[in-house]
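Alright, structures below, take your time with them.
Two complexes come next, and they have one chain in common, chain A, joined by chain B in the first and chain C in the second.
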Partner chain A sequence: MTARIALLAYLAAIVLGTTVHAIGPLALGLALVLALAGREWLRILRRACVAILLFNVVITLSYGIISTLQGSFSLEFVALVNLRVLLLTCLTFLFVFRVNPFDALAFSRSLTFLFTLAYSQSMAFKQALEDFRLAFKSRRIEPVGLRDRYRHSARMGAYFLDKSLHQAGEITQAMRSRGFFDD
Partner chain B sequence: MIELERVSYHYPESEPALKEVSFSVAQNEHVVLLGANGCGKTTLLRILNGLIFPQQGAYRYESEPVTPRRLRDKSWSRRFRSEVVLLFQHPEAMLFNPTVYDEIAYGLRQLGVDDLHGRVRCWADRLGVEQQLQRPPLHLSGGEKQKVCLAALLALEPQLLLLDEPTANLDPRSTGWLIDFLQDLRVTTVATTHNLSLAGELGDRVLVLSEEHELIFDGRMEDLLGDEEKLLAANLVHSHRHGSSRDKRFHVHDWS
Partner chain C sequence: MHIPDGFIAPQMYLPAYGAAIGLWAYGLRRLRTALREETIPRLAVLTAFCFVLMMVMLPLPGGTSAHATGIALLAILFGVWTAFISVSLVLLLQALLFGAGGVTALALNALAMGLVGSAAARYSYLLLRRVHEGFGLVVAGWLSVNAAALLMALALGSQPLLAHAEDGQPLFFPFGLSITLPAVMIPHALVGIGEGVLTLLMFRLLSQRGWVSQP
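Up next, the complex of A and B:
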């Protein structure tokens, strides 16, 4: 029951976080989330920063270039977007740290089933990612150049795309076979 | 050649993967690391390849401790990475170059080998992938990918070849070919498998890891096969009820 309440609170906070368009309340929300995290606040903040780094840098740079060319650059907008993404990511990490998602979704068999599928897929991907990382490290005799890094990243991207498509097909068939799509 | 002394390893927030494992391997030995799934075989190979480092105990290669600090020494790291190589269980993880040729040449280029072309041709020929040299590795079958990875590793002329479940993804014909190939190879090998019936083919000395992540046997295959208690403890065989219409009895069974 507590897990379900936490899930509802989390969903409400996500909706609130996406509808507020002012830096002050978002910063206050972030401070509140980190306060709720207690002793884990630094760990959650660090993991969230690492998780969003690439996405936010790409978005910020793209926006910066285009808006500067159009003469409409706004620092406030950049801060707003980055703060919102950081708040929502911290909120999600806090939820995952504190609540067992399987308990939270226990009220619905379908949601539990979907979450189990997503979770098992993410675990498989995590292991594959580690294999790729270590295999690359194992084959590096000299410090690696930019071209090799690019090739390796491209290969990983293609592998995960292929794997996702294949697994999505398999999962859909498995679900259909078990009557999931039957009306 | 390599020595492990009371090596323990645990992944963050999980149970130990290895507990106080000690053994050594001499030059030109062919060692098989046998154990059920999840007993720590892959972790041990990754330690031997200097990819992860034990929290307790020591691992030495040619009497030198293999530590993050030692691997920061460029000349030693260069020597270690070219002499100790690992064939991953899933070859896809190792392949990222545009052609099979580039894949085999990858390590050789880093070493600045003079006769690069000759060495690539030679190993492609020995592994039977000479017809595939200009093809992208991703378009090959699972067995061919494995051969390309082996060619890329062996082209470096390593001292120690580590093989993680080398037959796990192969069909019977490719498995037979690989076993013959490895038996003719004059390189020290440490291969993992959970398949008791293949262990004797992959090496002449067997190390058994238990499901408690401890080394419980180090010896000859014949001696292991005579030790039913250890085989059962390591989950390498099962007591299995054989059912026929009249006769049902329990006996030891190799599921692999």
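Up next, the complex of A and C:
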């Protein structure tokens, strides 16, 4: 299956998942997605649960309180919404796990380059952010006040902006030297 | 700030995709006509910058936290369409890599944050900088967050009307506008102040380094 067909199948499955409003078929769909994940099913399920946890807990608790006060609480709704969100998130992670998203976007040369560059830069920045976080944490001997945390965040913002503009120049030169702009 | 997957009915996200695809194509064409050697790398690193900025959590008094978006800064420095494409890419990366935002809500999030937020920021800044540049930047930052938040609140709050079962139970996001609007807008009114201050500080930093040309 080519990446583009996989992308279309994934998008169709996403739309289908939002047109089904019964718990049984959604649960079956989730089981199918996890089966397709093979040995990685637990990893995908865990990642999806972590990704949706915060928002879904807030919505579920808020719904539980408000609908109980209004006398309209429905356990079926709670199960339906949470199951649907879990299914869609698992589907997305399965797609990313099984298919190279760069291949799926290969219909546009500019878009592929843009996506590849943005992805690689984002991952490098994410790693640097984690390094900063750990460095800040390791240098604490007592709880840090809000002022210092703001200053730390501001310095990180300035660093990443500096880095971004520097990288833009570097990448342009690298692409030029490889003949990217010659066509 | 993102709307996650599974809370927006297809009656809304499919037309949103229809609109967004047309606007993405137009935005990319605008970029291509202004294509210079540095356009693609610049856009890529700005996208990465926006991506990482959304991961820098700013602590708020009381133990909660919020994050900046950098959308106002992008829109003021590089224009609405560049900001729209850049923010859309950030949202796509976040949806695919972290499951944040989600693919069904991608178009709506991109339209709200990338287009409406950017346009509100850029045009308010262009209008207000004649009065006071600093004030214009803070207002632009505040509006970039709150214009997008308002659109998202309207989208979420209209779900019970758009999609519900025969017995009236909602099928997607369960709360109407009377709950969603204050729940979304009040925190974002505060978060917007942080975004405004950040926009001002970052703009001044860039001005000092000679990276800002008047839009």
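As a working rule, the second predicted complex is superposed on the first by the 113 of 183 C-alpha atoms of A that agree within 3 Å, B and C clash if a C-alpha of one lies under 4 Å from a C-alpha of the other, contacts with A are read in each partner's own complex, and residues count from 1 in each chain.
Note that in this section a residue touches a chain if its C-beta (ideal position, glycine included) is under 8 Å from a C-beta of that chain, and two chains touch if they have at least 3 such contacts.
What you are looking at is a predicted structure, and each value in this text was computed from that prediction instead of being measured.
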item: Partner chain in contact with A:G38 - chain B first, chain C second, else both or neither; value: neither
item: Residue contacts on chain A - larger count, chain B or chain C; value: C
item: Contacts of A:S138 with chain B and chain C, given as first, second, both or neither; value: first
item: First (chain B), second (chain C), both or neither touched by A:A168; value: second
item: Partner chain(s) touched by A:Y119 [first = chain B, second = chain C, both, neither]; value: second
item: First, second, both or neither for A:R155, with chain B first and chain C second; value: first
item: Touching partner for A:G64 - first (chain B), second (chain C), both, neither; value: neither
item: Doubly contacted chain A residues - partners chain C and chain B; value: 128, 154, 156, 158
item: Interface residues, chain A side, partner chain B - complex; value: 128, 131-132, 134-142, 148, 151-152, 154-156, 158-159
item: Chain C-facing residues of chain A, complex; value: 11, 14-15, 17-19, 21, 47-48, 51-52, 55-56, 59, 62-63, 66-67, 72, 74, 76-77, 80-81, 84-85, 87-89, 92-93, 95-96, 101, 110-111, 113-115, 117-119, 121-122, 124-126, 128-129, 146, 149-150, 153-154, 156-158, 160-161, 164-165, 167-169, 171-172, 175-176, 181
item: Sites on chain C touched by chain A in the complex; value: 4-7, 9-10, 13-14, 28, 32, 37-38, 40-49, 51-53, 55-59, 61, 68, 89-90, 92-93, 95-100, 102-104, 165, 168-175, 179, 198, 201-202, 205-206, 211
item: Residue ranges of chain B in contact with chain A within the complex; value: 46, 49, 51-52, 78, 81-82, 85-86, 88-90, 92-98, 106-107, 110-111, 138, 152
